[in-house]
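In the two complexes that follow, chain A is the common piece, with chain B as its partner first and chain C second.
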Partner chain A sequence: MKRQEFYLKLADALEITSTTLSSNTILSDIDEYDSMGVMGIIAFVDENFDVKLNAKQIASITDLDSLINLIGLGKIEE
Partner chain B sequence: MKIEYYLPETILSNDDLFLQFEGFESAKVELKLGIMERHIASDNETALDMAYIASLKVLEGYDKNKIGFILFCTQSPDYYLPTTACILQNMLSLPSNIGALDYNLGCSGFVYGLSLAKALISSKICEEVLLVTSETYSKHIHPSDRANRSIFGDGATATILSSTDINKIFNFELGTDGRGKDNLIVKNGAFRNKIQTELLHEKDENGIFVSNNHLYMNGPEIFNFTIENIPNVVKTTLEKNNLSLDTIDYIIFHQANKYMLEYLRKKIKIPESKFYNNILTTGNTVSSTIPIAIKECLNNYTINKGDKVLLAGFGVGYSWAATVIEI
Partner chain C sequence: MNQNHLPPFTLDGKNIIITGASSGIGKACAIECSKVGAKLLLIGRNKARLENSISLLHGSGHFYLILDLSNTNEIVEIIKLTIQDFKPIHGFIHCAGIENTIPLQFMNEKKYSDFFNINVIAGFEIAKCISKKPYYIDGLSIVFISSVMGFLGQEGKIAYSASKGALIAGAKSMAIEMVKKSIRVNTISPAIIETEMVKNMFANIPSSSIETIKKLHPMGFGKPEDIAFACIYLLSNAAKWITGTNLIVDGGYSAK
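Then we have the complex of A and B:
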């Protein structure tokens, strides 16, 4: 998946309308990101990358680069 | 299979929660979790009280002397001892020459109960079983825990199973993985850990509300367990019964929350028209969600005589159970 597509699909999964996502976006700063957003992240990563993120990994996410690192850098095309 | 259910009179709506919790998003809870309101047992109303009412409803016009066993599924019993099922036997004036036991399971409890009832009737230990599910999870939840208060509702169901019914209950897929014990737990109050008088309630490293005297649920881990296991449980259940998804008329999973169920539905590729997803006015009633759903589907003719319905319950333990029934 290309990086831009990743941001668009993630925004769609989290139903984010307040922010344009980029590598520096801090997940916890997004208004729409809450406990239901956590389910959204788990589902998004499972569906698109077949990767399971556990609760500790989810809690460790800061910016979106850190999410991409958890998914695996090779899975996102530049 | 004759089913009745009872929901407590008190209703806790999203608007009520909005008044209690700053920033509570009623519309989002309804849209994402699929819950608008839930019924909550009053302070002096217990799982036994609710089970009694549900049982009276199902036994109305029925020859009580046919019941040979009470199976009572609960994780919020009235007492450590005696067994709730024994007290229910007396309250219902059922004969004394019957078996009765409680079993401690959550969301897998109803389907587990079907497997136990089938075994009891097939082995001629009894002819008919009264299967009861009843939970007051609200009493396990800390008043400040808005996530769990949003999700769970109280309720009870009672089902009568006869030899005719069990012939229409097919093969089971049961499963257990105790590695998940810490992800849905009430840690204190039994004999491993005493109730803490200086109550600690804070957030864990994942930002999830914790009070060890109360219900703790690690939602992300429960979601992970579900999406990792349930697709395969469905596959195995179908294989054990020589059936395919196409030959199943309807599917009822434990009604955990709308978002999780919708994700599972898509992942397993179940058509929307064959899939139950409705806890709008009940919330997650734990072991009662599946029998409530069956009853509702029978009432509105979503499922009809001859239909094959796949049931799957999963959750606390971890524990899961699935089967196919013919209506």
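Then we have the complex of A and C:
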């Protein structure tokens, strides 16, 4: 998946506008990243990358680059 | 065997089918039912785990069937063949089920089908099969394991709640339809029971959320045998006047 498409789909999962997302975006700074937002990210990553994130991994996410690292760098194209 | 002379809470001499018997509530049901005299047919997907369940049972004459309950169109014929030498059936517990936390925006037809095929349709198909002659006997008791999520809400549980609610509603109509055959149909609704499935669920949510969930259970989380004991009651002659009900076994979760 291309990085821009990743941002678009992630924004859709969190129900925010994609223009607010960048590699440095801190997820906890996004109002919509509440318990439902966490569920949305887990479902989004599972559905699009077949990667199941656990609670420890979720807790370790800071910015979007850290999320991409968990998904696997090779799965997001520049 | 004439059951009338037996103590009301025993399952002595009863042939019981249990789905989802290789782990969690189903496995506990199998072990506890065997302790009170039942002969069991355990159904599950994993041979090694079913063999482990069988090894933990009391008494003899138990056996297992490896069956993927998501293939709902195959269930009736396979069950018919399997129970030829196991009839008459005195009881059935449908424990097999899937649980997942998925927000509405990520649900789709396939995911809804997955939930309903295993949680609801597989159980109803087996009920259809065993409630026909020559498989059933007067007094057959059918128990579907539902959930408090079948009548209460929680975020991310739309499909799970819908499927468990369908069990409660469907069982009531099934109970009315089956009265003339002297077949009883009930559901049991647990809150959170400490099983592998729940451990997996907890692995995907923050520990702070787990504590919040625990506080919703006045008596703490339940143990698999808490549900097994309720099943024994509904399967036994002690519950001979109970049909179409939903027995809530939740440590006070829904009392708040």
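Please note the rule applied: the second predicted complex is superposed on the first by the 75 of 78 C-alpha atoms of A that agree within 3 Å, B and C clash if a C-alpha of one lies under 4 Å from a C-alpha of the other, contacts with A are read in each partner's own complex, and residues count from 1 in each chain.
Operating definition for what follows: contacts are C-beta pairs under 8 Å (C-beta built on N, C-alpha and C of every residue); 3 or more make two chains touch, one makes a residue touch a chain.
Worth saying up front: this structure is predicted, and the values here are computed from it rather than measured.
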- Message: Taking the superposition on A as described, I'd like to know which of chain B and chain C A:Leu27 touches: first, second, both or neither.
- Response: neither
- Message: By the touch definition at the top of the document, which applies to A:Ala43: first (chain B), second (chain C), both, or neither?
- Response: both
- Is A:Ser35 touching the first partner chain B, the second partner chain C, both, or neither of them? both
- Message: Quick one: is A:Ala11 in contact with chain B, with chain C, with both, or with neither? Answer first, second, both or neither.
- Response: neither
- Both partners, chain B and chain C, contact chain A at residues 35-36, 38-40, 42-43, 47, 52-55, 58-59
- Seen from chain A, its contact residues with chain B in the complex are 34-36, 38-40, 42-43, 46-47, 52-56, 58-59
- Item | chain A-facing residues of chain C, complex | 101-103, 105-106, 155-156, 202-207, 209
- Query: Where on chain B is chain A touching in the complex?
  - Reply: 25, 28, 32-33, 147, 205-208, 218-221, 223-224, 227-228, 259-260, 263, 266-267
- Message: If we count contacts the way the header does, which residues on chain A are in touch with chain C in the complex?
- Response: 12-13, 15, 35-36, 38-40, 42-44, 47, 52-55, 58-59
